[in-house]
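So, here's a batch of structures to check.
One chain, chain A, links the two complexes that follow: it is found with chain B in the first and with chain C in the second.
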Partner chain A sequence: MNKFMAKIVVLIFALVLLSPFVVNAVRGVMGSSATAIDLVLPESGECVKDKEYMRANHMDILKEARVKTVRDGVRIKDYSLKNCQTCHTNRDEFCDRCHNYVGVKPECFECHHFPTSKERKERCEGN
Partner chain B sequence: MLSTCYTFSAYFAIVIFVLGILCKVWKYAITPNPLKISLTPAPTNAAGVILRVILDASLFNSLFKSNKFIWLGGCALHLALLIVVASHIRFFVSPVPELIMLLQTFLQSIGIFIGAIFLAPIGYLFIRRVWVDRIRFVSIFADYFILILLFCIGLSGITMKYFIRPDLVAVKTFIMGLISFSPEPMPTNPIFITHFTLILILLAYFPFSKLIHSVGIFFSPTRNQIDNSREKRHVNPWDR
Partner chain C sequence: MERRDFLKLGGIVAAAGAVAPASSLLYASKVESKNGNKYGMVIDLTKCDGCGECVSACRTANNVATFPDEKINNHLLRIAHVKSKFPNSQEQAIPLMCMHCDNPPCVHVCPVKASFVRKDGIVLIDKHRCIGCRYCMVACPYKARSFVFKHHEGSSNPEVPKTMHGVVEKCEFCVSRVDHGQLPVCVETCKKGVMSFGNLNDKDSQVSRLITSGRVHRVREDLHLGAKVYYLGL
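And then the complex of A and B:
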């Protein structure tokens, strides 16, 4: 391979290797902390467990509650999805912000209804 | 302190990784081919060669011809690695592309199996290296080291996904901070720190390890030469 071709090959490899940086530069988020998400948190500030635990492990609690309810017929009110809704009223302002950000799709809403702020507003206006 | 330390080491590792691979690519690309040594039966035109290299790099044809068991292990390992790496893309772009979300929906249900498919062939390759006399005889430290390193990375990843979970938002914020050059604090979950440290070691070691085969396969003359020595005279580059 001659030097000119070799340079092109190196350039192609450089583009592939640096793709995370290139993509972000193209999207225009370089040097800015465009990554912070602003959550709408309830005023009480107290959940069923502490904040750190909930952030990392809320899915375990929900899954356990699901298994207990569906298989054993035991309803734990504290850990039900409905109990979440008493404080975290809108899905799009709470669940979806983090879930969309990290690319995790919760299975909850395939069956359960957890209204978004828009739906809630429409319902209020309907009444 | 932890964040500063890791931010610097991350950039250090990335620079070694990228520059190291580019140096290797340059070296491979300018190395002259004095002879036609395409491994026959070889394609007789350029399109055939491109197809051959793509097939060899994706399906490991030549390995299939030599050893079916290792081929199966290799396929499982590389396929699992591809899926795992693809699902890590979600930590490097914001917002996450539709396609990655789709893959993610699929992965969430079978993720632990993919993890197992990644770890099992590594275990197999390790046992084979220890067990088979002639392979143990030709093995050096680097051969064991890379298997152990990859195994630990896979294991810490699975642990992080299913058992000791970090705060994912903090993890993504940290990663996005790194790649947009606006450093964010490092998550303190011990498993995440382990996983991240091992990845940095892998990145810095990659260009000097046997893993460079992923780059080298595209430059091996027995694969990428056209078998047209009768139609077109091949002149030794330094005899021209």
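And then the complex of A and C:
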């Protein structure tokens, strides 16, 4: 009886240990959208550089443009944070959603004005 | 591979690494800012009555927050009311701001090189870099700099970034406006024409002509800091 109990305990332990793998495997088979994030893309679909490049390097572009702007006063409109807003009108549905997903906390928006969809709506109603 | 060959190869790789230029993402050719300009301001105190319109315009345009606690309210531009000790002397209003020195003590003391002088002579703070140590505030003889103590929501002028709490702020001659060919807000607001802003290197500019008239003074000229804000009738 003791041996039987030990077997059951080992089995339960193994199940608990493997449960995350099992759950993920089942999710994968079911085709769940656990990995995809729902971003609201602008209508025009054209950015200053191609999509893949921007996805990987937009932070470096912004950083370099920042240094050039602050230190040398060279203001190139294409690479400014202000220019992003012309197409990406809703910060919360595009920038924030992805930043939250990958777990980064850029501090750009603490000072630089980049309206969320809610703020934009409020302003439109105000006018 | 022999030891000798290995060392040779190592040398070549190191040399190549040293010679290879730092790659730039955006700027293929080195873009220079407008050279040869040196911005300055002349303030005609005989016209100023201290109405304070420039101060409020400055605060709105540069997202300077107003707190109920007067102690932590910052002023990029402020108006001092001065009265001399002679009998029957009248009170004089003097707009004071960052003097944008040629040889600024605030820049020398900054431990992280956040403060710097731009090529056109405007003294700036890289607020991304500032650690809020406030050495510059101690160093500045004009008390032109102030520390943002508290977080504030919203911005009165979304065109310009506001200053985060924990960072030093000061008058920047409205750089973004100047870069786009506009005048600083205080100059534009003043209807009495007290302030004039322009290129000191250009001999025909209004500021240069006022300075060469010989009646201008600077605040604390004895410090030899090369301030670029001049006063008429000081």
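Annotations
In this section, the second predicted complex is superposed on the first by the 94 of 127 C-alpha atoms of A that agree within 3 Å, B and C clash if a C-alpha of one lies under 4 Å from a C-alpha of the other, contacts with A are read in each partner's own complex, and residues count from 1 in each chain.
Just so we're on the same page, contacts are C-beta pairs under 8 Å (C-beta built on N, C-alpha and C of every residue); 3 or more make two chains touch, one makes a residue touch a chain.
Source: prediction; values computed, not measured.
Looking at the shared chain after the overlay, A:H113 reaches chain C, while chain B stays out of its contact range.
In the superposition on chain A, A:V23 contacts chain B only, with no contact to chain C. Of the two partners, chain B and chain C, it is B that touches more residues of chain A. By the document's definition of touching, of the two partners only chain C reaches A:A65; chain B does not. In the superposition on chain A, contact is made by A:I76 with chain C only, not with chain B. With both structures placed on the common chain, the touch criterion links A:N57 to chain B and to chain C. Within chain A, the residues touched by chain B in the first complex and by chain C in the second are 57, 107.
Chain B meets chain A in the complex at residues 17-18, 21-22, 25-26, 29-30, 90-96, 100-101, 104-105, 108, 165-169, 171-173, 176-177, 179-182, 184, 189, 215.
Note for the complex: chain C touches chain A at residues 24-27, 31-34, 116, 118-120, 124, 126-128, 155, 158-159, 161-164, 175-176, 179-180.
Touching chain C in their complex are the following residues of chain A: 57, 60-61, 64-66, 68, 70-76, 79, 107, 110-113, 115. Per the touch definition, chain A reaches chain B in the complex via residues 1, 3, 5-6, 9-10, 13-14, 17-18, 20-21, 23-24, 27, 29-37, 52, 55-57, 98, 100-105, 107.
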